[in-house]
Every structure is written in structure tokens, then in C-alpha cells.
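The structures come next, written out as C-alpha cells.
Below, chain A partners chain B and then partners chain C, in two separate complexes.
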Partner chain A sequence: MIQLVFNGLVTGLLIALPALALALTFSVLRFANYAIGAMLTVGAYAAFGFNTLAGWPLPLATLGGMAAGALVAVGVNELVYERLRGCSGVTLLVASIGVALALENVVRFIAGNSPRGYAVALARPLRLFGLRINFEQITTLFAVVAVLAGIWVLFRFTRIGRAMRAVADNPDLAAVRGIGRRGVVTVVWALSGALAALAGVLIGLDATLDPQMGWTYTLPVFTAAILGGLASPMAAVAGALVLGVAEELATTVLAPQYRNIVAFLVMAVILLVRPSGLFGARWLTR
Partner chain B sequence: MSALDVQGIEAGYGARSILHGVDLTVGDRGSLTVVGPNGSGKSTLMKVVVGLIRPSRGRIRLLGEDVTGLGAPARARRGVGYVPQEANVFRNMSVRENLKLGFEFIPSRQPSGFAGRLEAMLDLFPELADRLGTLAGHLSGGQRQMVAMAAALMPAPALLALDEPSAGLSPRNAGLLFAAIARIVESGVAVFMIEQNTRLGLGAVEDGLVLVAGQVRARAPAQALLADPEMRRLYLGAEATP
Partner chain C sequence: MTAYLIATLALVAISTIAGLALNLQWGLGGLVNFGLFGFVMLGAYTCGLLNVAGWPPLLAMAAAILVTGLASATVSLISIRLSDDYLAIVSLGFAESLRLFISYEEWLTRGTLGVPGIMRPFAGWVPPSAADAVFLAFAVVCLAIVYTVFEILARSPFGRTLRATREDPMVAEALGKNVLWLRLRAFGLGGAALGIAGSLHAFNYTYIDPTQFGPVITAYAFMAVIIGGRGSNTGVLLAGFTVVLLLEGSRFLIDAFGLLDGAQLAALRLFLVGVALVTILIFKPNGFVREYRLISPTKERS
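After this line comes the complex of A and B, so read on.
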């Protein structure tokens, strides 16, 4: 049981980064970025390129992948979303489905369809307090917790973090307080692309890389963000942890291949009962 | 040099023209309230001054610099401190964060840093001193207006632009707020205000301007306008009785 909860928390942490990225873009730009899964795939493959083709060690290749993910996200914003500025959230959502298809197929065109893996040495799992903890789980745990702490500090204590929260809260007022929307939006996309890329690498470490890996995670990522409250980025992390544990515990009563059903069920129930999310009610709009 | 100089402004929404050749000035340490009946174009005039609407004709100068072609963020950085009528605070951020945001994206016109400006604002609005950690969305309407004004004043703007500050406030809170506005005017900040409540709006400033159907009908010292029975009867409504 404790093993299941631990595994669930690690799964939740894997979902937490893209869920945070999704909630971040939603809170500032007011549209649900369906291409979040494809951004994750692009980042994972970019890091794969740095790792296996250029021979960089994985930590450095991951940073390279995050930089590439950030650049792609900013580029897509300039090419697609900025040109649709002022359109409804639904229009932008549909555009992001197109972006997802395009990104995924660019990856497929360059890297092929076969599953790939990072060049890392195999390691024996650790035994700690009766828990079986493997190397990928430790990496995920430390990487995600460190990044989440960094994001929290960025939001709370930095000028750009305050600017992001201000634009999310009241974009018109932010403009008359001298905060340029364009700069904030660029930073939001860069951050979102980098977070998705890091998640892509961690998922690639946990399983394998394939061009469809992002699709598998799109549903849980949306569920986690909705569970937390789509407009509150840090609440998406809590949503991801709850979902990860729920999915893992469900394997005690369901066959493991059905665990995605849990994500569907949780999302449906939350949308019916509490559309603002479990933690979203604290967001003040009046 | 005038803080604000508006010449021959024509503006509206799409093909619909609202303002027809409006001229006004606010002196360096002056204060002006624009009053007038509903639909006279007060809100449009405010939006033109702060850069939310581009005029089809005319010129706007801020401290002598032509800012007609600039949008709201650029005018804010050149010294326009704007307090919108509604949604004028960041509700999910604390009062301190609201004040910090007012300060850190606009070059301050005074050498004192954040701490110095914060102290000056708490002198002007002592009601905020023990609420710095409170979320702005949890404050009352009057307190929110004070936070919004303090945030706009943080970078020591060349011009404070107030859009109907009394809207939605109880008479008591409106009275407290306008007492604070009178203190701001006394401190020498140039103030440009539009206001429905003519007695409060004209009572806190030096000069008044009556806007009717997008044109300036009268411009005089605020007290003279309030005392003019003809003006009161025609444009200012019964509540302007001193």
C-alpha cells in the first residue's frame, strides 16, 4: 500500500510539471493549450538528440532540451497564437490542436517511429523502509521538487513573477501599471516549454521515447490542472499529486491498463461537482 | 509647463464620434474635475487621456511631450498614474504586492526607493497601514480605491488620473476617500478626475470643467461652478447644492 502511494506520488510529480505549465498559460492567456503533450514530446526528443547524438551527459542534455522546448514554445506563440490575439479561447484551443499535430509529426519526421531511450547506465533499485525505489523515481523526485520550489520562489519573490501574476489577475490594470503584456507572455511560454521538456525527459527515463508519448499524458495533465483549478498554477501541482495517487491506488481494483479511466472519471466528476477545481475557489474574480 | 495639455480632441468608438474638439489643461501642480450628465463623454475623455483610446484628431501633451501616439503602458511609464473605476486592484495579490507592482515597472520620479514611497503612501492613507498583508480582493470598496490610488501614486506620477472614484461607495466611504483626494491635491500632485458626484468631485479640486454632448460647456474654478445657480440647474443636478 505504501509502495503504491509512493509510486502514485512520483507519477503525480511527473504530471505536475506539464499541469503547472498548462495552468500557467491558461491563467495568463485564458486558453487551454492542447499542445502541452506535444511540447513534452519535443523537449524529450531534443534532449535525446543532445544526449545520444551530441554525446552530452543527461543532466546537460536535459538543460539543452529545456532550452529547446522554451524556444519552440516561444516560436509557436509568435507564429500562431500572437496572430490570433483577440480570438476566443475556443479558437486558440483548436489552433493548439493543430500545433500539437504539427509538432508531433515534425518529431516523427526527424526521429522516426521507433521507440528510443536515453544513454544512461542501469542501476539497481534501492530498498528503503520496505519501499522499492528505483533510480528514475529518485531523479524525478529531486528534479521536480527542486523545480517546483524554484517556480514558487519565482512567482512570489521576483519582479517577473509578480508581473505574471498581475497579468493573470487583471491584464488591463497590468497594462496601465506599465507591465508590457508581450514580454510577460514570452516568459510564460518559455517557462511552459521548459517545464514540459523537463517532464518529457523524466517520462522518457521512466519508460521510452516515442512520438506519441505526449498524447498519453495529455489527458492526465488536463485532469490534474482542472482538479487543482485551471486558473491557479500551483494548485495544479496538488491536483497532479492527488491524481497520481488515485491512479496508482486504482490498480488494486482495476487492471493496470485501465488506469487512464481514473483520470477520465476524476475529470468528469470534478467538472460536474466543482468546475473551479478543488483549490480554485480561492481565486477572487469580484 | 502644464502636466496635461489636451488640444482639439475628437474621439469615439468606430464610426460613432463622442468627443468633438475638447481642449483642457491641468497645471503642473493643478487639479481639474470634469463633470457632466450621463453620456456626455467623460469616460471616453478619460480613456483618451490615459491612452486606452486613440483620438481621431487632436494632440495630448504630458509635461510638454507629445504622447498622442502612445498606448497606456508607455504613457504610464511617462508619468500617467491611472486609477480605473472598476477592477482597479490585483485582487489575488496582497496590498503590499499591489503597491510594489505600482512602483517597480515605472521609472520613479522621486529618488526615494520602495520603502520611502511606501511610507509616504501610508502617511496619505493611514487606513492601509495594518492591511499590507491582506489580499486586495478581501478589502471593502473604499479600501480598494485607496489601494488603487496609492499604487498609482507609488512612482510619484506627473499626473494622477481618477475615473469616477466615488462609484459604488457608501456616502461615508466616499467622504473619506475624497478627503484623501483633497490631501493628494494639497501635496502638489497634478490631478485629472472625472466624477458623477459633482459636489464631491468639484469640492476636492481647484478647477472644474463641464462636458456636455462631447463639448466643453464651461471651465472655471471649481468653487465658482458649484456656486453658479444656472450651472447647477442645467448641468450639475440638484445634488450639487453646497
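After this line comes the complex of A and C, so read on.
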């Protein structure tokens, strides 16, 4: 039981980063980015390239992958979303699925369909207080918690963090106060690309890399973000943890391959009962 | 060559029916259906399984249309009160869940082994050599029926009100229209057409398995609607028979390109679909054919 909860929390942490990225772009740009999964895949494969082709050690390759993910996200924003400014959120939504398709297939074109893994040494799982803990789980735990703490500090205490919150709250008012929207949007995309890439690497460590990996995570990531309340980034993290534990506990009654069905059921219930999310976002789109 | 052309045209007709369904849901109603492939899959499996269980093909197809239409309406109920972003993810969630269910519930669907031996309509009446051509004719007749019905709907008060709810649900509501009920019917009717597309898919291959259904089907439908022009059935028809035909025809090029293998060519084709979606949205956001507008007689006189 405790083992299940622990595994669930780690799964939740894997979902937390892209869910945070999704809620971040949604709160500032007011559209749901369906390319989040593809961004995750691109970042994971970029890190794979640095790791195996260039021979960098994995931590350095991960940083490289995050930088690549940030660059791709900013580039896509310049090429696509900036040009569609002023269009409705639905148009941007459809554009993002086009972006997802394009990105995923660039990866598939270059790297092929077969699953791949990072060049890391295998380690025996640890035993702590009766829990079985994998090396990958420890890595995930530390990496995600460190990054989340960093993001929280960024939001709370820095100029750009305040600017992001201001634009998310009320873009017109922020503009009146002289906050440049363009700069904030670029930072938001860079952050979101880097977060997705890191999640991609961690998921790749946990399982394997394949071009579909991001797509299979799209549903849980959206569920987590909706569970937290789509427009509040930090609540998405809490949503991810709840979903992770729920998915893990559900394996006691449902077959493990039905994880995504659990995510869908959780989403359906939350939308029917409390569409503003568990942690009560201040506003809700109707 | 003729056989290849007939097979490709049948696929194009099926994709275009899916495009018309999306045009009713998204083009006219503003309801984003990212899970379109799931409803096609539901239609194909309902039709295929009933047919294999001994139902005559046309009866199985009718059941598939009914089931898919009802399922669409039910799924849309989950988020129909909320903004469009939510319906997009709910429909996608339904589609992914259905795919998992069909892949693993072997007692019902034979899982990844697939369902073989689906019988086409009129299969007993025609010589086997003409079977493909007869099937193509059947698919085209289905396409014509869907087109005609949806075109009548688009010009009817129903279509007009639906467009109004797309532009501004609040105003439509204030004018006394029941937005929820309208959207529910639009999503359900679109779903029924997806049931037709799914049934034809099952008849076309006479074998179905879960790998045949993926987001690509959704992407093709969106491309047909965006290029054709949101809200225009004629535009979707034209886009289907040019762009989808070109894309499907490009399978032919595998022999011509010695450099690329099949998987790479498939990736390239999907990459182009993605790029085309985005490019058209940026440079030609209304597509190539305008949607139908009722022009009032007074305006014409002035």
C-alpha cells in the first residue's frame, strides 16, 4: 500500500512538469497547447542525441536537451503562435495539434520508430523502510523537486516572475504598467519547453524513448492540469500528484494498461462536478 | 493501376465523410473534436463485430451509426457546458480510452489480433472481380447522402442557429435558443456520420485492428475542413478530393524515392499534414470556399 502511494507520487512528479508547463502557457496565452506531448518527445530525443551521439554524460545531456526544448518552443511560438495572435483560442488549439504532428514526425523521420534508451549503468533498487526504490525514482524525485522549488522562487521573488503573473492576471493592465508582453511570452515558452524536455528525459529513464511517448502522456498531463485548475500553474503540480496516486491505486482493481482510462475517468468526474479544479482557480472559462 | 485508383478513391471518400462530420461539429458548431478517430473506431468495431456475429452488413452499419451517434452525444455532455478547450480534451480522452479498451478486451474484440472476415454489402450479388468497384460506388453513394443531408441542415434554421452559437453562445442564449440542446444534436449528428465512415472503413479492409485507428484520421479531417473552408460542405468535398487524394496517392511514391524507406516516407507525409494545417491557418484562415450565408431579399434589392 505504502509502496503503491510512493510509486504514485513519483509517477505524479513525472506528470507534474509538463502539467505545470501546460498550465503556465494556458494562464498567460489562454489556449491549451496540445503540442506539449510532442515537446516532451523532442526534448527527450535531443538529450538522447547529446548522450549517445556526442557522448556527453546524462546530466549534461539533459541540460542540452532542455536548452534544445526551450529553443524549439520559442521558435514554434515565433513561427506559428505569434502569427496567429488575435485568433480565437480554438484556432490556436487546432494549430497546436498541427505543430504536434509536425514535431513528432520530425523525430520519427530522424530517429526511426524503434524504442531507445539512454546510456546509463543499471543499478539495483534500494530498500528503505520496507520500500523498494529504484535509482530512477530517486533521480526523478530530486530533479523534479529541485526544479519545482526553482520555479516557485522564480514566480514569487523575481521581476520576470511577477511580470508573468501580471500578464496572466490581466494582460491589458499589465501592458498599461509597461510590462512587455512579447518578452514575457518568450520566457513562458522557453520555460515550458525546458520543463517538457526534462520530463521527457525522466520518462525516458523510467521506461524507453519512442516517438509516441509524448502522445501517450498528453491525456494524464491535461487531466492533472484540469484537476489543479487549468489557469493556476502550481496547482497543476498538486493535481499531478493526486492523479499519480489515483492511477497507481487503481491498478489494484483495473489492469495496469488502463492507466489512461483512469485519467479519463478522473477528468470526466472533475469536469462534471467541479470544473474549476480541485484547488479552486479564481476564474473559469465558460 | 485501376485497382490502385479504386482503392485510393474509396479511402478518399471515407476520409471526406469524416471531414463532413467534423465540418458540422467544428465548422458550423465550433465544437472541437480531437477524438474523431475514436468515433470512427467505434463505428468500425460496432459494424465489424455485429457483421461477424451474423448480422447482415447494412443492418450492422445502421446499428453502428446509431451507437456512434449516441456515444458522441453522451461524451459531449461531459463538457458541453464549458468552453471548447475542454470538449477537445474530453473527446480525445474518450478516443484514447476506447483504443485501450479495444486493444485489451480480447473476449469482445479479439484485441490486437483484429477482427477478420467482415462481409461487404452486396458481396453475394456481384462477381468478385467487380467487388472493389461496387464497394467504391457504395462509398460514393454514402458520401453523396451525407453531403446532401448536411448541406440541407446547414441551410436550415438549425444550421443558422448553430452558426450563431459558434460565434457567440451568450447572444444565442439571450435570444432564447437552447445552446446546450443544439450543440448536443450537432455533436450527435456528426457522430452518426463518423459511424458511417467507420462502417465503410470496416467494409473496405474487411479486417480491422486497433493500429488502423490513430490521430492521423483526426488530422486528415481537420485538414479537409481547414483547407476547404470552415462551414462549407462543398469546400470539404473539394479539399477531400484534392489534398487527401494527393496524400494517399503519395504512398505510390515509395518506389520512386530510393533514398527513403517506408517508415520515413510515412513520417514525411504526416509532417507535411502538420505543416499544411498550420500554414493554412496562418495564411488562409477561412479556407478556399466560403461558407453558405443566407442573403436576405431586402439586402439584395438595395
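Throughout what follows, the second predicted complex is superposed on the first by the 280 of 286 C-alpha atoms of A that agree within 3 Å, B and C clash if a C-alpha of one lies under 4 Å from a C-alpha of the other, contacts with A are read in each partner's own complex, and residues count from 1 in each chain.
Note that contacts are C-beta pairs under 8 Å (C-beta built on N, C-alpha and C of every residue); 3 or more make two chains touch, one makes a residue touch a chain.
Here the structure is a predicted model, which is why all the values come from computation and not from measurement.
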item	value
Fit or clash - chain C, chain B, common chain A	fit
Chain B versus chain C as contact partner of A:A102, first or second or both or neither	second
Partner chain(s) touched by A:L271 [first = chain B, second = chain C, both, neither]	second
For chain A as apex, the angle formed with chain B and chain C - C-alpha centres, to the nearest 10 degrees	100
First, second, both or neither for A:R177, with chain B first and chain C second	first
First, second, both or neither for A:V145, with chain B first and chain C second	neither
Partner with the higher number of touched chain A residues, chain C or chain B	C
Which superposed partner A:R162 touches (first chain B, second chain C, both, neither)	first
Contacts of A:L219 with chain B and chain C, given as first, second, both or neither	second
Chain B versus chain C - smallest C-alpha distance in the overlay, whole Å	21
Touching both chain B and chain C, residues of chain A	284-286
Residues of chain B that touch chain A when the two form their complex	50, 52, 71-73, 76-77, 80, 82, 84, 87-93, 97, 100-102, 104-106, 135, 137-138, 151
Residues of chain A that touch chain B when the two form their complex	159, 162-163, 165-166, 169-170, 172-181, 283-286
Chain A contact footprint on chain C (complex, rising order)	30, 32, 34, 78-79, 81-86, 88-90, 92-94, 96-97, 100-101, 103-104, 215, 218-219, 222, 226, 263-264, 267-268, 270-271, 273-278, 281-282, 285
Chain A residues within the chain C interface of the complex	31-32, 34, 80, 83-84, 87, 89-91, 93-95, 97-106, 108-109, 112-113, 215, 218-219, 222-223, 226, 230, 255, 257-258, 260-261, 263-264, 267-268, 271-272, 275, 284-286
